[in-house]
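What follows is a single structure, and I will ask about it in a moment.
Labels for the chains are A, B, C and D, by order of writing; each one numbers its residues from 1.
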Amino acid sequence: MSKTIDVMKEKRKVSEQVRNNIKAFNKLKREILKSLEAGQKTIPEIAREIESDIDVITYNLMTLIKYGFVVAGEIDDDDEYYYYKLKNKK
Amino acid sequence: MAKINPDFAKELKEYGALDLNACYNCGTCTAVCSLSDEDNSFPRKMIRLSVLGLEDELQSSVDPWLCYYCGECSETCPQQTDPGELMMTLRRYLTAKYDWTGLASKLYTSKIWEFGAIIFLAAFILVLFIFFHGPMTTELTDDGGVKLNTFAPWKIVEIGDWIMAGLLSFFLLSNIFNMYLKIVRNDKSIKIPLKLYFTEFWALIVHFATQLQFSKCDTELTGKKYTFSTYWIIHWFLMTSYVIMLIMIMVFLGWFQTDNIYEWWHPQRLLGYYATIGLTIGIVYFFIERIRKKSEKSKHSHVTDWTFLVLLFLTTITGILVHIFRIYGMPYPTYYMYVFHLMVLFPMLMIEVPFSKWSHLAYRPFAIYFNNVVIAARKQSK
Amino acid sequence: MTQPNEFDVLAIGGGIAGEEAALNLANIGYKVLLVEKDLSIGGKMIHLSKVFPTLDCGACITTPKVSETARHPNISIYTNTVIEDIEKHSENDFSATLVEKPRYVTDDCTGCQICEEKCPVVVDDQYQWDMVGRKAIYIPFSIANPRIAAIDIENCSLCGLCEKVCPADAIDFTQEEKRSTIKIKTVIIATGFNLFDPTLIPRYGFGKFQNVVTAMQMERQLVPTRPFNNVLRPKDGKMPDNIAYILCVGSRDETIGNPICSQVCCMYSTKQAQLLMGALPMADVTIYYIHIRAFGKGFCEFYQQGKGMGIEFIKGKVGLIKEKENGNLIVRYEDIQEGKVKEAEHDLVVLSVGILPNTDFSTMFKNTKIEQDDFDYVKQVDELSSPAKTNIDGVFVAGTSSGPMDIPDSILSAGAASAEAAGYLKGGKK
Amino acid sequence: MKNRIGVYVCHCGSNISDYVDVEKVKEIAGKENDVILSKTTMFACSDSAQNEIVDDIKEQNLDGIVVASCSPKLHLNTFRNVAQRAGLNPYNYIQVNIREQCSWAHSDNKPGATEKAIKLVRAGIERAKHSQALTPISIPSKNAVLVVGAGIAGMRAAIELAEMGTEVFLIEREYFVGGRASQWNELFTTNETGREVVSRLYNKIIKTKNITLFTGADIDSKSGSVGDFDIKIKIKPRHVKSGCVLDLEKFKKAVDVCPVEFDDPFNFGLTKQKAIYKNYPSEFPEIPAIDFDRCNKCGECVKICPDIDLEQKEEILNINVGAVLLTTGASPYEPQKGEFGYKEIDNVITLQQLKRLIDLNEDELTYHGKKIKNIAYVYCVGSRQVDGENKYCSRYCCTSAIHTAIMVKEKYKGINNFHFTRGVRTYGKQEILYNKSSKQGDIFLQSFEDSPTEVYHEKGQTVVKIKDILTADKELEVNADLVVLVTGMVPRENNSINNILKVPIGRDKFYNEIHPKLRPVETVIDGVLIAGACQAPLNITESVKSALSAGAKVNSLISKGEIELEPTLAQIDKSSCNWCDKCTDVCPYNAIVKKEYDGKTIAVVNEANCKGCGICLPVCPSNSIQLIGYTDVEIESMIEALID
């Protein structure tokens, strides 16, 4: 059965920005998930590890929570930052 | 306990304030002002005192002199109360109140007085020249210049200068003393150790010479790319030019008003050129600013602002013309222009220095000095 | 499915006012068409946390009205649809052109969200006010109505995955704009409001300092379907413990052209502050204000309650905000009661942004222009005795289209519009 | 007995789940006998959750459902509709309130809240098991309404209702219509005067066919219930014959000869009034009236004008309506003697008096013969009280005071206005008035609750003093020629209506609606609606909005010819009842009547009147009364579940 997406592909072109966004998100997703493989971490810890701007980490980490890759854990001892961990790991 | 005087705002309007009553006391103006601090929080406090008509408190306040009218407050005021212009107005008001003769008040609030005084003083000079001028010789000097000193011998003019300087200083200093009484001696509860007058004296010197506060306006506090330095440089250029001119005619008139024509690099000519160029550029800049009304501080021009600029401009132009007519050997134009030059110069100095805009140059550093003394005294007594 | 093209009433805007007006008229027995430009009805209210002064949750009050509207036999709803023009021919005789934008998803969608899982694109989620990402195919929000996905074609990578995985075969990229003309007898404008964009006041650093947020962003952080796992700073995910509210951002301000008071910010800020004290028991909350406008039924008591809970109210509007290295913010303000300029450090600053008219209505009416007041809201031509009446007979205004209003006032205003519209309909051709 | 029960435990966002362990509640409920399924849901009221319930009922063939969520006040009907859509009788749906009764009430004790929720849910399940399928009672309704109070709100609602096709009886307690608005001159924002608006509306009313207006009329008694109220209206005689408009000359003479003189309430005591009067010449209805309580029946006026009839008697009129709309409005707060110098210092008046004063003074503002220059307005008198009872903000007064100050300044020369405020609340577009008054030179001062403005008399001067927070707490004072107390709103005294209709009254003493957002103009008394300033302080536009809104609700309620009523009624067992009269005595709704049946006298319930309150049950000596929907079996099984 032919897909309707082909109709759309003839009408529209995907912009460079959309492609770059996907690449950037996938890269960050890989890095964040990899970083959390080793154990739970706070946002500043993740940002330090993968040397990215902290606000970018916050945004993407929260998106990963929304789509079920990561869950929030306990808060740190200073009551400042939550720990985040992979969803399927205890 | 203080009584409210709602009529005061109307009185203040004559000095130039716009919609000061529109203020709803949000404090934005004070919060954005880079010169405002915990010791001196303005301009809202000044607006409030003006609206309520608490004259005693206004007159004992230094805040208006601490403001350099960067215009941030007026730009950000949500009620368009124009606090910056109110501070300018209060400076006019205070100038009038410091002046014990009451002339300043008349000059600020009445066009008849302002222009009448100019015409009167100009006429006085004209009469002096009509009756007492020297011979109007067409004979030129060896260099081909006009013999100005024959028509108006510098020694005699210098005596006139000194009399005028004496008068000016008397008025200005007595007004500053009046200011001192209002600002420092108003609050009798604070004891001011004599020592402080000496230890804080540096402020007077520094601020008089540099108008340092000005540069503080130029911060990126509000996140805007707003350079105040251009303004400060031009102001400083104008002020030094003016001071050089003043010193040359007051102290070194014999050296300055010569019949000899020196080479162009001679210090007499160089200083003269610096000063005239400085004055011309400055005046033209402020003319343009006031006409364009783009920056906050030049949006609203009181009649005295224009009078001052026009007089200064005429003085400069006539001074330049006297110089040109003299070195190119044109006797009559030189003589007439010289008379006209003095007819403008004299009223300008007599009115502006003790009673009007030019007195600000003295009041500002003195205000900072007095303020520092009071604050230091308050801190010591704590 | 063929839709009828004749209705008694056209209600423009599916927010709480549009729904209330539509429900009232439908209950009397009129056929109503409700047109919403967004993907879901419910307006802004459905996104709110709890609402003042009763503190019952916004969704709890909106959703029953939303479902009642959606199910009412006398109400038809077009979402994702804009009105191109409305023409009045005579009394009780209007026509309108509607343009329904393609969702690229058909009504067969069950809202299972499998497509959303697979979609590779992540862009800002406008329903969470850009604090978190969403996919290019998405259900607008969990309690959206209709709960049908839509494709954001601008950001779609055209990978076709969604179409492959959809169990209901609901993806349809061949959809195109649908234009239709309808006949109606009366029109109710309920287009609502926009929020002030605080980037227009650069002194507050919104957009530059990420820990400066709008009240709507805070509102989202306080609802159960929030973007983060708790109330957190958008910059670094830190739990804030010293929060400031700045009132009158974009209202009562001539410099941005909105001299009037927005009527709700004082109360919603007080409400959020109370909720924050529940969510973050250790947090300090400071509200910087000019005047506290707690005027409605129960509002003053609510404000006193907030004070009693320990919210600090400081009279004085913040002049500017500076950011520190650690993301904390320094606010500079004049403490009016002391008459002194001060600086205070907070770790999160909330801008209580004001209300501006949504002027979409202004271009719809073709043969007679709809009159606007000095502030661009719909002009009420007989404000004292017929508050819903506009300059066009048969066109009525409901809710915040006629000025800033809180929810109870909007609902009453919608009630008034429905009564006046019903009177007009009954009057027939006058 | 139902044996296929579905249980839904709602998170209510986090309203419930923050305190009650909803998962635990769900699990325990799932283990109960006859419970087929037990689920949690984020928002049970959301559309998707509703659909899920519908699907469950159909697929699992459920015969009873329990939703543990919020108060039934909010969502009982929502879920009854869900049941109905799924083909289940709505009365097999039971709502358990675990929000107001558990999570909110016990936010400090989470385990306790959870335990209580479990018990309540179990009781709910028991009740569902014993629930019966019921059919709502449908009663005919009359498409007619009684609107009480012919102020702007009442008149406006009457017109709109009539236009929508409902017959309207509009009654006004005073002899003249217009209420408070007729006392005010120019109004914000249109600058139309109150009287102009009143006359516009009055002219419309007399032209509208199906509105009947009675002035001098009050509710005397009420029987019946929604759809079919029988209401007796008491009409005070006007003593000036209707149908005859006195000519102006004669009326003036009649007023002249009247010997009775007293403070005119219309002008708040600023002027005197005679027993025969009209508040202002163009007042409606055009016929003057005689204040018979004050009239000494001397008969002087009758000599001048034979149209006057001192013998007229009170009339009682019966009307039958489907609903009642109360638009009885508010009164200005009357300051106590000595409150800011009121009635102690000569030149202290209220804002309402100032408004009348402006109306009465043409070229120059004088009070007690003295020319006025400085006016001090003291705000929040009778509102936002620190010590007094009125904690609420009266909403309209800031704007009203400022608007009046602008008018004073525009009308008279040389006035200075000083506003002693507690923070100006000119919300919304009213802000431009505040702006305007500031710009015209009015001076605003502000104090906080802890240091109120003071008014005192000293050396022949009235002084107003404030610690002004806008001037760093400086003490400031003004010598005022006139001190104007900006008084708030209090509800009108309506004791008779309150007693007859039993409308609930809130803490602020205004009538209380069911819910400010969901049902803002309805009261818990079916068929009795409220609108305008009797509900809360409101300005004219806001009152009219609420009045029109109520109009729409009234119309949709009664225009269909029939109304569905709750079937939860008292039911009397005919066999065991031996008429003893005890139940009729206690019934607050007059719903029980005596009837002959099968040769004996028994009590019978009038279904339209019965509210299902249950008060008759415990007084019945023979235990012959059951409350449908709350039968003894249901209640007993619930109690058992609770104590188990």
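Going forward, a contact is a pair of C-beta atoms (placed from the backbone, for glycine too) under 8 Å apart; a residue touches a chain by one contact, two chains touch by 3 or more.
Small disclaimer: the values here were computed from a predicted structure and weren't measured.
Participant: Identify the chain pair with more contacting C-beta pairs: B-D or A-C.
Facilitator: Result: the pair with more contacts is A-C.
Participant: In whole angstrom, how far does the Cα centroid of subunit A sit from the Cα centroid of subunit B?
Facilitator: Chain centroid spacing, subunit A to subunit B, equals 64 Å.
Participant: Cα centroid separation between subunit B and subunit D, in whole Å?
Facilitator: The mean C-alpha positions of subunit B and subunit D differ by 67 Å.
Participant: List the centre-to-centre spacing of subunit A and subunit C in whole Å, with centres computed as mean CA coordinates.
Facilitator: The mean C-alpha positions of subunit A and subunit C differ by 29 Å.
Participant: Using mean CA coordinates as chain centres, what's the subunit B-subunit C distance in Å?
Facilitator: Chain centres of subunit B and subunit C, defined by C-alpha means, are spaced 55 Å apart.
Participant: Can you list the residues of subunit A that touch 2 or more other chains?
Facilitator: Subunit A, residues with two or more chain partners: not present.
Participant: Where does subunit C touch two or more other chains at once, residue-wise?
Facilitator: Subunit C, residues with two or more chain partners: 252, 291, 336, 339-340.
Participant: Two or more other chains in contact with one residue: find those residues in subunit D.
Facilitator: Each of 424, 435, 470-472 in subunit D touches at least two other chains.
Participant: Hey, which chains are touching each other here?
Facilitator: Touching chain pairs, listed by label, come out as A-C, B-C, B-D, C-D.
Participant: Any idea which subunit D residues touch subunit C in the complex?
Facilitator: Subunit D reaches subunit C through residues 11-15, 42-43, 45-48, 50, 70, 74-75, 78, 152, 156, 159-160, 163-165, 187, 189-190, 192, 197, 200-201, 383-384, 391-393, 395, 423-432, 435, 469-473, 508, 510, 515-518, 520-521, 535-537, 540-542, 544-553, 555-556, 559-560.
Participant: Can you list the subunit A residues touching subunit C in their complex?
Facilitator: The contact residues of subunit A facing subunit C are 3-9, 12, 14, 18-19, 21-22, 25-26, 42-44, 47, 54-55, 57-63, 65-68, 72, 75, 79-82.
Participant: Contact residues on subunit B for subunit D in the complex?
Facilitator: Residue list for subunit B touching subunit D: 1-4, 6, 9-10, 19, 21-25, 45, 48-49, 51-52, 54, 79.
Participant: Quick check: in the complex, which residue numbers of subunit D touch subunit B?
Facilitator: That would be residues 416, 418, 424, 434-435, 438-444, 465, 470-472, 474-479 of subunit D.
Participant: Using the touch definition from the top, list the residues of subunit C that touch subunit D in their complex.
Facilitator: By the definition above, subunit C touches subunit D via 24-25, 27-29, 49-51, 54, 56-57, 59-61, 63-67, 70, 111, 142-143, 145, 147, 223-225, 252, 259-263, 291-301, 304, 315, 336-340, 373-375, 380, 382-388, 403-405, 407-409, 411-416, 418-420, 422-423, 426-427.
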